[in-house]
Amino acid sequence: MTLTETAPDELESHFEATIARHDRIEPRDWMPEGYRRTLVRQIAQHAHSEIIGMQPEGSWITRAPSLRRKAILLAKVQDEAGHGLYLYSAAETLGVSRLELTELLLAGKQKYSSIFNYPTLSYADVGTIGWLVDGAAICNQVPLCRTSYGPYGRAMIRVCKEESFHQRQGYELLTTMVRGTDEQRAMVQESVDRFWWPALMMFGPPDADSPNTAQSMAWGIKRNTNDELRQKFVDMSVPQAEALGVTLPDPELVWNAERGHHDFGQPDWEEFMQGVKGNGPCNAQRMAHRRRAHEDGAWVREAATAYAARQASA
Amino acid sequence: MTLTETAPDELESHFEATIARHDRIEPRDWMPEGYRRTLVRQIAQHAHSEIIGMQPEGSWITRAPSLRRKAILLAKVQDEAGHGLYLYSAAETLGVSRLELTELLLAGKQKYSSIFNYPTLSYADVGTIGWLVDGAAICNQVPLCRTSYGPYGRAMIRVCKEESFHQRQGYELLTTMVRGTDEQRAMVQESVDRFWWPALMMFGPPDADSPNTAQSMAWGIKRNTNDELRQKFVDMSVPQAEALGVTLPDPELVWNAERGHHDFGQPDWEEFMQGVKGNGPCNAQRMAHRRRAHEDGAWVREAATAYAARQASA
Amino acid sequence: AATLAAYALMLGDDALVMSHRVSEWTSNAPDLEDDIALSNIALDLLGQARLLLARAAKADASVVPVLPEGSPAPPEDALAYFREAHDFRNVRLAELDNGDFAEATVRVLLFSVWRLATWERLRASSDHVLAAVAVKGVKELAYHRDYAARWFVTLAQGTQESRARLLVAYDALWPLWPELFDTHEVEAAAAEQGFGVDPGGVREAAEAVLDQVLAAADVPRSEAARRVGVLGRTGRDGMHGEPLSRMLAEMQSVARAHPRGQW
Amino acid sequence: AATLAAYALMLGDDALVMSHRVSEWTSNAPDLEDDIALSNIALDLLGQARLLLARAAKADASVVPVLPEGSPAPPEDALAYFREAHDFRNVRLAELDNGDFAEATVRVLLFSVWRLATWERLRASSDHVLAAVAVKGVKELAYHRDYAARWFVTLAQGTQESRARLLVAYDALWPLWPELFDTHEVEAAAAEQGFGVDPGGVREAAEAVLDQVLAAADVPRSEAARRVGVLGRTGRDGMHGEPLSRMLAEMQSVARAHPRGQW
């Protein structure tokens, strides 16, 4: 049976049935245009986040204070490049090339996670990003391993495995630092103070302000709401903070025995929106870095293309 | 009396008479083509040396270890730019523009002093360059204040005044450092070890290997031979080194009561020649820096020209 | 005294950090005259920084980092070389990595127009040292402003390329302009106590000057939005960008390697 | 033991400094695959550096800088973060500031062809640690060489621009090639004592490999002359260029700010 022989409504009901069975949609399968578009946007944003996310931590590779930490950090940033690679490949199964997506990013037409518009200001940030930012990413991403689109789900399985390794490494750096000098403990606390609220923002706006969630959940692209995931992250982080001996900077943070969850305050959503609009502390810097690297590499990519063409025709 | 009315031999004898009287040749005066060419080459080389010479010390402006030293160093490097400016202006009176000369430098067709092809490796080098390199420059340059070409001689008067200020500042930095920690004293000695021989090379090859000296002296462009100046520099530096408490790295260096001068060893003239040929430790770096700065500034200079043209025609 | 010290540190750090960035142009400028002019600007600002850091230290010795015993570093150097990035109180405009000459032009223009507007009032400071620093500084800053304004107009009216670069630089730096006029609580207290100037009060005057330059250059006011800080905090709160810590790593390397050194 | 330590430091410093330069490419490479490959090369070299610095410290503890009491830094970190530029024994090729991707290609090619030629023999070292490091390193270096050789040919045979850039980079780096094969007295003694390799003895083998790459790329052997040192001294003697001290200022900044830190 070829596609042309199948009536549109038959295709659609086949798609709906697959989703309903929690089975995977594969590249060869018919899918609604909206589903495809949503997926491309989400996977691209995710891939871009990995690539832009190399910068804040990458900025400390040349200053890592021990050779062991330098090796760990270098390998981690390398993994982020690898995640970008898997994710762009997943997006390519939907008919868009890595180059196209990169150009959409550079033109400001696609986004990346706003968390990377915050600066890294001390080596403790390398640990905090591992613990809180990768931790939040994992909360967001673990459900995506069961996402309805096959290539995306499989990419996420690899990504999640590595991310949780990174999270443990980040937390381990912090536990080492708090056993060090007073300055180091202060550095860790200051870093956590700075990253706690931005980490909470990583789950996106409150459900009430998140118009696309319902459709994404219906399509099985998303498996939990923003607020559910945020709650899970807070509940997970509180005991980790205690073990570390740091204070989370939220006076409203308290265990609610009735709900069986922690109550907590809201991040500054106005600051979040400014970051999304491009006015965050590092948006301009991140984009300029990416654009420069992309432009500086143009002649190399052209040379590779020309060489490959010559080899093919030889 | 206009030039065309004067017979060539009359012009030449007028020129010779001026030189013989130790009077100054001025831009309006007739001069032999060889004299002009020699002067352009010498003044240009001198100007280029000031500009390239900004790099080795300039490299430490951002790392100067006290704000006072940072101000002194910044002002000194700025003075070098100023010297370049006077000297290019002197050369312009001979009918060559600064841009032409810069392009000859960048094309490798004109030289600068080889001393600047040695790297600066510690902050002590800022002091040593002041003491020894500016000291040697002054020995070379003081006689040039009486050089036969007026604009060059007058430029040299300004340059020499500032250079001797720089020399005192450099020496003062070293005297301060040797009163500091053991590490600082070692730093000073190491720096002197590195710069002593290159400073001796600044006077050029031994007289026996310096074919142009005789003509330059006959024309009153040069007033002393290389070896005379080198001897003067050594005699001057020995007591200064003693006062500083550093050892000059020459086992042959000894007072010769008979000559009334110090005897001393010869620098490695083969290394000198390699530097002249472009193979010194920093030749490539210095030229690349200058070329980059020149190219990066091209659009600015073009804008200034276009703007001036527009203003003139408005 | 704590307020005076904190206030002097803010003004001093602005000058120190901006001076450092401008000094990076030495031997890199488009022409010799500009190399000399930029070194001059760096030197003037460095001079301002030294007086202001010394004033801060004198007003409240507790702001000065404690150095290893036997260190002969004067307070100005202890403050410049032995504080961490988050101790610096400069505005973020001063600390950015350098870009092209258009970026330098716009940055010096914005910085000096703002600082000049503030310092014209600072001349009336009840603190005699600050007043004297301002009297001298106003002349210097007027020169810096005129130099940058001349290049702003020249680049805007020069070639297509120069205009394009100028506009890029202007749009890139404009988001940091509003921060210059935020009133930090230290500045409010300093103004209240008669020795400082509330930057919020000079915005109009500064923008009037800037508008003249924009008009001469035929460049419209940028519409780029304000760059936000981190959790509401910006340079004056010690919240900086990534370039500052990198800049300090270089700037402080020799001094820190020899904390007991004599220089 | 002093010779073994000095020899291990030379090999370790080569790897450490080169790794640092290559690591600066992370997030800056022309494409993701190259970003990953260059990070890999940096990681491999960093791994070699750690083993070699540790070996040096074990062979002769007196090479390790003395840190403030209470510092928990292991010897590899004391060596990496608390030596001055003139204590480093790397060849100058490793320390140069990065240029464009052609520069990186040529630099990795020259470095790994040379190192591989040496390390193939080092596998027979009488020192079991060095021998083991070499066995592992040879595989890594062969990958680095192949990666760089592939790009060398691609760039040489790609576009006009890529060929021009490659040739510029090749001519710029070639003057540092002869230094790689100079026999330092430590290396002579190490070879004599059976645990080291005299680099002078591998030049022919290295150039034979390089010639294959040049031939595939249709690039003639460069005629650029050797870069001399200072008073006859080069990297192996601790005589470096200006970029190294700047690189170390950055690399060592955090470690030195916290000499008693736990990381």
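Every chain is named by a letter (A, B, C and D) in the order it is written, and numbering of its residues begins at 1.
Keep this in mind: a contact is a pair of C-beta atoms (placed from the backbone, for glycine too) under 8 Å apart; a residue touches a chain by one contact, two chains touch by 3 or more.
Here the structure is a predicted model, which is why all the values come from computation and not from measurement.
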B-C, B-D or A-D - pair sharing over half of the A-C contact pairs: B-D
Chain A and chain B: spacing of chain centres that average the CA atoms, whole Å: 58
Distance between the centres, which are taken as Cα means, of chain D and chain C, whole angstrom: 41
Chain centre separation (chain B, chain C; CA means) in Å: 35
Touching two or more other chains - residue numbers and ranges from chain D: 246, 249-250, 253-254
Where chain B touches two or more other chains, by residue: 63
Chain contact topology (line, ring, star, complete or other): other
Pairs of chains found to touch, sorted by chain label: A-C, A-D, B-C, B-D, C-D
Chain B residues touching chain C - in the complex, by the definition given at the top: 51, 54-55, 58, 60-71, 74-75, 77-78, 81-82, 84-85, 88, 98, 123, 173, 176-177, 179-181, 183-184, 289, 293, 296-304, 306-307, 310
Footprint of chain D on chain C - complex, ascending: 84, 246, 249-250, 252-254, 256-257
Touching residues (chain side chain C, partner chain B) in the complex: 16, 20, 23-24, 26-36, 39-40, 42-43, 46-47, 49-50, 53, 72-74, 76-77, 80-81, 100-101, 153-155, 157-159, 161-162, 165, 250-251, 253-255, 258, 260-263
Complex contact set, residues of chain A against chain C: 56, 59, 63, 118-122, 190, 193-194, 197, 268, 271, 274-275, 277-282, 284-285
Residues on chain C engaged by chain A in the complex (per definition of touch): 85-86, 172, 175, 225-232, 239-242, 245-246, 249
